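Two complexes, one shared chain (chain A), two partners (chain B, chain C).
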Partner chain A sequence: MLQFIIRRTLSMLATFFVVSVIIFLMMHAIPGGPFDGYEMPLPDNIKAKLMAQLGLDKPLWEQYVRYMWGVFHLDFGVPYQSPGETVMGLIAHAWVPSLVLGGLGVLIGAPIGILLGMAAALNRNSWIDYLASGIATLGLTIPVFVISTLLILVFAVWLHWTPASGWGEPRRWILPIMAYAAVPLATYARYARSAMLDTLNKPFVTVLRAKGLSERRIIFQHVLRNSAIPMITIFLPMFVGIATGSIFVEAIFRVPGLGAYFVSSIQKRDYPLEMALMLMISALFCISYLISDILYALLNPRIRLGGKAR
Partner chain B sequence: MTDLSAAGPALPRPGSAKRRSPLYLAWRRFAANKAALGAGIILLVIILMAIFAPLVSKTGPNEQAFLTKALAFPSSEHWFGIDDLGRDFFTRIVYGARVSLGIGLSAAVFSLLLGLPLGALAGYLGGRFDWVIMRIIELFSVVPPLLAALLLATLTRGGVWAIVLIAGLFGWVNVCLLVRAQVKSFREKEFIMAAQALGASPWHIVWRHLIPNSVSPVIVGFVLAIPLAMMLEASLSFLGIGVQPPTPSWGQMINVGMNFMYFYWHMAVFPVLALAVTILAASLLGDGLRDALDPTLKGR
Partner chain C sequence: MRLVEIDDLTVSFRQYEGVVQAVRGVSFDLESGESLGIVGESGSGKSVTCSALLRLLREPPATIAAKRLSLGGQDMLRADKKALASIRGRVAAMVFQDPMTSLDPVFTIGHQIVETITAHRDVSKKDAMQRAIALLKRVEIKNAEAVVRFYPHQLSGGMLQRVMIAMALSCEPAVLIADEPTTALDVTIQAQILQLIKDIQAETGMGLVMITHDLGVIAETVDRVVVMYGGRVMETGPVEAIFEAPLHPYTRALLASIPGQKPGKQRLTEIPGASPNPADPPPGCPFHPRCPMAITACSTTTPELETKAPGRTAACIRVAAELAAA
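And then the complex of A and B:
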């Protein structure tokens, strides 16, 4: 087991290293340097001095090492859009709304999705099965910004039930949380359904039935426990994956979270912030995959003994 | 020598009356799936409208022919109303289908061009080549496609072809994995061993035997890549770094429509519905094709 963990960790570190190099190189592929844009061009010797001061005259690999050295000390530089603070400081206050929204969205969406998926699996080919599949397909195919626009139109513009956007009182959270919850709800409805069906078709369930166990005990004690494994292991990657959806939700509902800053960093070409967010999200993805691999191996001995994950 | 087939009419010749081609069986499975069939018909209508857009509407997509009636609500004359710049909104939506479907199809072709040979070779050769391909795919799985696409789109400053390239870059992974799995399961079959024994080159085996046997995962991968690319295009255009105006794109129209929707609902409703219906139809069609062509993949 320890060997398995070490091997997965090393391979994830290698993956993250390559990703960080690619992101770094992409940022350097942008034409133009930091001192090229002035109306009065700087004299060459001053420009050279400035570049030397900032370490920009060094070879690319050395710049990469310096940057990553800073990253490991949580120093991502200064964002162009608000030079008064550091990227880290900005992220420190921006992640709160994102976490509140994303957390509530998952906490609301995932249980509903699981219940829906379970109900669908237990009543195959009934109306509830079709409803669950329909909701899952809608939630997974329709872009988040389309769902958000529809939510605003229906609940804010036509029904006047909720404010259209903003952040502050919890009343304003309702629509963004609904938009956030769509993806976890759909994901879990689909996963729970297929996991339950998988388990229900296993021979051991037939044996339990033959033994004369009540259907309720079979479902709650045996089937649920066995189908929980895939559901647990997709939780973390899905949670991080919401970060992508949050970009649109936050931009549309004007929530001052990480996603909104990501959009403004793109529109304002704020490269230090953009790079920091990309690196952080990739790192979170790496870590969450690693943890879910390990969890999967812990929960499912067959994988561990087989020696290969996924 | 007696003619065996003349032995008697009582024995039905095997497979003469009831022979069914795999394609026919697949079509029957597909037609039984009402959702997929309906989605296919809807998509066909949208495609036809996109192709014959100039016949569907009299004005061009960028003609500001109705400036005096700007922002007018839908009427019998202008089905979807007029937009803020005096253009017939129905025309814009129809021409938007051209952009959306065009990008979806080209990106799917591009994903296929990358994913098919790489997946087939990785599956057939195995070993080091397979290892490298799988590590590359792992890289793609760690970076969320939308985030990376946003970054790439800012670097390239958007534009139709940049989006096709970006969508293809992230679409090939699925095609590659599907083809690789299929090829891997066929590699050990007897007819491949026979070909190897006859001295066929790896390229010949992959091209003549393994790829033709991977037609169904290839079709499935191709069709499922279309809605993904359409979604990417709409998302990027929505953020203003995708297809640039005045080229009509649904994502871009939703972005504009959001600023008007508190008073002019038609500006947001129609592009949102057009995008949702088309993407939904394309993915339902893909799911249906997958279930019909390869029942073993069902529910994946």
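And then the complex of A and C:
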């Protein structure tokens, strides 16, 4: 098991390295630079001086090495669009609302989705199944900005139960979290249903019944554990969406999160901020897959102990 | 005591194309300690009959109807969920065709035997584990103490079928139902598993229902045979009598198609035609379209299972005619 974890960690680090190179190159492949203003063009000599000051005149590989050296010391530089603070500082304060929004959205949406999917699988072709599938399909097909707008219309404009937007006190969190929870809920409802049905149709479930185990024990001990294996794959990567997926929700509900910076830092060629954001997402993805793999192995003896696959 | 009583069992499945009758009026009994073989080709309804007996089919789409369906004296049609769970594994245990997919891949062998024991008996997990080890030794698994900690994927098919047998025996059932227990195994392993089942049956005196399409398996393991075709019973009788002088034309055709009865290379004997489509069964006797002895009446009247000789029954109007002539 330890060997397995070491192997996976090494391969994760390799992946992360490759991804960081690709992001770095892609950032610099975007035409233009941070000081190409059209309305008030800077004189060439000043521009060159600025570029030299920031190290942007060096060959790309040297820029990369210098950048990564900083990253290893948790120094992501200074964002060009907000030179008064560090990239770390900016992310730290802007990430809190995104984290609360996305984290609560997934933590509320996923369990409801799982319960819905389980109920659907256990009552196949009944009204519960159709209702759950209907909710899942709507959640996945209606764009999140439409859901958000509908929520505002119903709960804020018609019912006056909640404020329409803003952040701050927890009362204002309700609508954006509901909007954010729609996708995890729908995804999980579909996933849980198909994973449960898949397991329920396995011959060993019939054997468990033939042994005289109670239906409750069969479902909660055997079927659930077997179905959990495919569900884990999507659970952790879903948390990564906290850093990206909330762009629309944050914009509509005017949540002061990270979302807006993704767009603005590309437009402004804000290399340090964009690099930091992209690296952060990549790292989160890599780590979540690593944890998924380890959880997988803990749940599934065929992976943990190796041996021939069947 | 009659362990199994099946009287006029009908099993139908609701499907997109309509209702399919997989079992159409099957009746047979099993006395305690008796071993019974159910033989028939795929789609004859033999497995469905036994799954229906334990109420293992999903209802709906399946619908089960019978004048009587009892196991160990208990009415299986009236039993509620709790009663069913208590009967399954304790009164009747089942061994299935494919041992590779019969065990939960994420739990150890030991856990899966222990949970069967503790579901029916008030014993500690520790005692149940001791019993699991003893059972594995009984089914001739070496170093049983280690095997209880193994996961299913770490054992071969033959070993897993031994585990399945050990698990089935764990609560000393009155009947063991073996649904094609050797079909998925290598020929050399098949004989060992059959011998094991036979030995254990002799030792414990439990009843045995052996479902198979293999007449060789029947000949080696059971006292009495039920021959099924198209969801109906064609013939019943003691195993020797059926092998020596089959009554029903289908049984005859089945026996004739066993290869290698005469030495030398020759064309294999087959039964012409295909087995009936359960969604659209032929009228009258289900075998008449393929039967060499069929007459016009065979396609209009459905023959009843009648006693043709002491201890032997057959569902064929032509057999009665023949015996009368003899």
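The working rule: the second predicted complex is superposed on the first by the 259 of 310 C-alpha atoms of A that agree within 3 Å, B and C clash if a C-alpha of one lies under 4 Å from a C-alpha of the other, contacts with A are read in each partner's own complex, and residues count from 1 in each chain.
Keep this in mind: contacts are C-beta pairs under 8 Å (C-beta built on N, C-alpha and C of every residue); 3 or more make two chains touch, one makes a residue touch a chain.
As the structure is a prediction and not an experimental result, all values here were calculated from the model.
Contacts of A:Val106 after superposition: neither chain B nor chain C is touched. In the superposed model, A:Thr149 makes contact with chain B only, not with chain C. In the superposed pair of complexes, A:Ala181 makes contact with neither chain B nor chain C. Contacts of A:Arg225 after superposition: chain C is touched, whereas chain B is not reached. In the superposition on chain A, A:Ala136 makes contact with neither chain B nor chain C. Set side by side, chain B and chain C differ in how many residues of chain A they touch, and the one touching more is B.
Overlap of the chain B and chain C contact sets on chain A: empty, with no shared residue. Listing the residues of chain B that touch chain A in their complex gives 135, 138-139, 141-144, 146-148, 150-152, 154-155, 227, 231, 234-235, 238-241, 251, 254, 257-258, 261-262, 265, 268-269, 272, 275-276, 279-280, 283-284, 287, 299.
Put simply, chain A touches chain C in their complex at residues 202-204, 206-215, 217, 222, 225-226, 229, 299-302, 305, 307-310.
Interface residues of chain C facing chain A in the complex, by the touch rule stated above, are 54, 56, 81-82, 85-90, 93-94, 96, 98, 100-108, 115-116, 119-120, 151, 153-154, 164, 167, 171.
By the touch criterion stated above, chain A contacts chain B in their complex at residues 11, 15-16, 18-19, 22-23, 26, 29-30, 137-138, 141-143, 145-146, 149-150, 152-153, 157-158, 164, 194, 197, 241, 243-244, 247-248, 251-252, 262-263, 266-267, 269, 274, 278, 281-282, 285-286, 289.
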